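One chain, chain A, appears in both complexes that follow, with chain B as partner in the first and chain C in the second.
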Partner chain A sequence: MPPAHVVLEADSVEQLLSRAYEHAYENGWTDGLPIIPATAAGVQEFVAASGRAREEIIGILPPRKGEATVEVIAVNAIMAGCRPEYMPVILAAIEGLSDPNFSLELMQVTTNPMCPLLVINGPVRKRLDINSGIGCLGPGWRANATIGRAVRLILNNVGGALPGVYSKSSFSSPLRYSYVCGENEEDNPWTPLHVERGFKYEESTVTVFRAANYHNISGGEGQGADEIIRHIASQMPPMFGAGDGAMLMLGVNHARSLYEGGLTKRDIQERLWKFARLPVSYFAESFVEMERHAGRCDGKTVWRCSSPDEFHVLVCGGPGPQDVYIGAGMPQTRTIREA
Partner chain B sequence: METLHVVSPEGLEAVKHMDAAPRLDSLEGKTIGEIWNGVFKGDVTFPIIRALLKEKYPGIRIIPYTEFPHAPGTDNPARQRELAREIAARVREKGCHAVISGNGA
Partner chain C sequence: MEKRGVPTVMIATDMFKQFGRRMASTQGCPFAVIAETPNPIRQLDPEALKARVEAMLPTIIDGLTLPPSEIVRRIKGVASEQIRPAGIVRSSVPI
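== the complex of A and B ==
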């Protein structure tokens, strides 16, 4: 069955566009920002660009148990301001978020502000102008801004995570508008994320993470590989909501320094695991007990992660003494099937 | 007059709606289970809630959270589903008329 239609009327095109925004807002279809109204012709164009059948169900999204068909995903992508060629990326992201091991339902209803983080790898980054370099997590790039926004609209409209209704996030998060970047594979001296996760270098993929925060580590403190990692690890405290993982997006300067210092990615994971620990005296006893139960406490210190494998090391962004720490785990990677 | 046919972004639901079970008229004489997921101080709040309920409904019988699975760190969806089944079975076994399934401070 095709999605419901409504006919809007106004005295002028200008008023009609305004009416379309107001209608969407009144029906709880937006994130609060203006939308592009989705027409049948637009939906047809976006479905065609996906290379998939319009009625194909990509996922059943909780808590509403809404059917995320290609057609409904197209409607949300149009509203978010996407180009038709972004469709395969959004479909792959929804596939990943729908994986039974991702715990999407918790994300949709919890008081915690956790949100999806999308990392995109492969040639699709260049074809769609997905920013992986300078400013990659900020405003200014249409693909980064609107792909993440489309995912948010889908989670709200199809999944029913309406703020204050089913989503009980106490503060929510600005990261819920859009949280998307490419990996800077060109400046990554090691293996990129998707290859590490079993995909081919020339494949395009999206990896969805459950993310809890954004923390920029500034200043480039430390001399040499060991001190650089110690400084980074000192800013990785234990936290709720990150799906047991921690992501380090190394800036290109530090990635080069650590590589030239002879470190492999595994070395970095192991050092972060060893250094990202704080004394139990810093924490409430009940938290220490919970972390002990989760395998992140040895009685003297509480650890950021229970094993080196839970640290995800990427290279992103542009030049400068900056790195980013994101509490992020439960990765699910899907191939982007371009039409 | 300008017109625009816009498409709804909601899509269909994959489930049939069901009515909630009838609410209990009173908690007096009823058996109530405490369900806790191991976080947000349920071990502190449940004893307080328990005492207040017993004061208001002297005939109430409360099965404490310690009688049900209450492991923290249940981020794993497969484990969550398993726990839900275990809890439902224990609720039936204990003869609960209702459970308190969410509280925190």
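== the complex of A and C ==
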């Protein structure tokens, strides 16, 4: 179905913008925030910036099996406030989300507030000013704010994840507006995420994760590597649906301390796996039973993850004794093919 | 399964019946028979669950035994309202 063309008339630019926003909202095209109207010329510019054909289908999005063509993606990217040069990032993210192993359909319809988290690696971060340092998961950076928003509008408008219609997310989540950051490769003393996942250092990639939460961990500074990891692990309790995995975004301070303490990334994964456990007596018996079947319980303790491999360790953000823990897994990485 | 010729009934709680209907519709079965029971059900003990099942049995038996044309005749109006509810629904997608 070709995108609908709408003619709006107004006496002033201000009135036209206001009408465009009202029209888009009433038709259910927005996340509730104001949008930039997608004009034919704008769509053409965004399609050109993608380097792909207008009608190329990037993914079929569940549950309503909507075709995410380059053109439809462009319309949503414009509405979200993107720049044309963000298009390749959004296309790569939609490719990753459409992978059959990602189980996007569950995310689109479940009562759980799970949502996509996009981690961006490589030189594209600098070119597009994607924040990977101070404030990388917060407001203030157009690329971080609008790329994630474009993905959300695509999931709603193409996939049909409209709250209360196909999406049954009981609470939903503020993370569904936009959840995007770059990895702080410059302050990462180890291997960055995309290299770990088999891509070249100089390649630009987006990795999509299925994410359940956001939890900032403060403190643990100045006590040595072992204490830092114990403190972090204490903030990672076993949780329902833990099979997806756990992400630790190390802040710059702790990354440096752990590195200077002689720890490799593998050491960190193994220690998190060992320390992120709690006694079975803390939990409902039914939960313990479920975790035992899932391989996350030894009879005495319940574990956050069943193996060290399920911990994804990244370096993001700016200086300070802060880290971020996200219940996240099922990563899918795609190369960003800049036009 | 219905499309493969196996008579099928969906069981859903009342709060999920519209959702179930729309999901069935995306799979090409807008007239799936849905046996419903009040939400929630996780807390119910076996006896209470049995009572809920018995209350749904007539719908389940009808759904498994009536000819498809009769099922469509009975469900058509309800299905249409569940898939496309009257009133204002903000949605860019066909629902």
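Convention: the second predicted complex is superposed on the first by the 331 of 339 C-alpha atoms of A that agree within 3 Å, B and C clash if a C-alpha of one lies under 4 Å from a C-alpha of the other, contacts with A are read in each partner's own complex, and residues count from 1 in each chain.
One rule holds for everything that comes next: contacts are C-beta pairs under 8 Å (C-beta built on N, C-alpha and C of every residue); 3 or more make two chains touch, one makes a residue touch a chain.
All values reported here derive from a predicted model rather than from experimental measurement.
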Once chain A from each complex is brought into register, does chain C clash with chain B or fit beside it?
clash
Would you sort A:109 into first (chain B), second (chain C), both or neither based on which partner it touches?
second
Going by the touch definition up top, name the partner, chain B or chain C, that contacts more of chain A.
B
Have a look at where A:29 lands relative to chain B and chain C in the superposition and call it first, second, both or neither.
both
Classify the contacts of A:5 with the two partner chains as first (chain B alone), second (chain C alone), both, or neither.
first
Partner chain in contact with A:16 - chain B first, chain C second, else both or neither:
first
Does the superposition put A:157 against chain B (first), chain C (second), both, or neither?
both
Report for A:139: first if it touches chain B alone, second if chain C alone, otherwise both or neither.
neither
First, second, both or neither for A:66, with chain B first and chain C second:
both
After superposition on the shared chain, which partner residues are touched by A:166: those of chain B (first), chain C (second), both, or neither?
second
Quick check on my understanding: which residues of chain A belong to both its chain B contact set and its chain C contact set?
27, 29, 64-66, 157-158
Could you please specify the touching residues of chain C with respect to chain A in the complex?
16, 19, 22-23, 26, 89-95
If we count contacts the way the header does, which residues on chain A are in touch with chain C in the complex?
25-29, 62-66, 109, 156-158, 160, 162, 165-166, 168
Can you list the residues on chain A that touch chain B in the complex?
1, 3-13, 15-16, 19-20, 23-24, 27, 29, 37-40, 43, 60, 64-69, 71-72, 75-76, 79, 100-103, 105-106, 153-154, 157-158, 240, 243-244, 286, 290, 293-294, 330
Report the residues of chain B in contact with chain A in the complex, numbered from low to high.
1-15, 38-39, 41, 43, 71-73, 75-78, 80
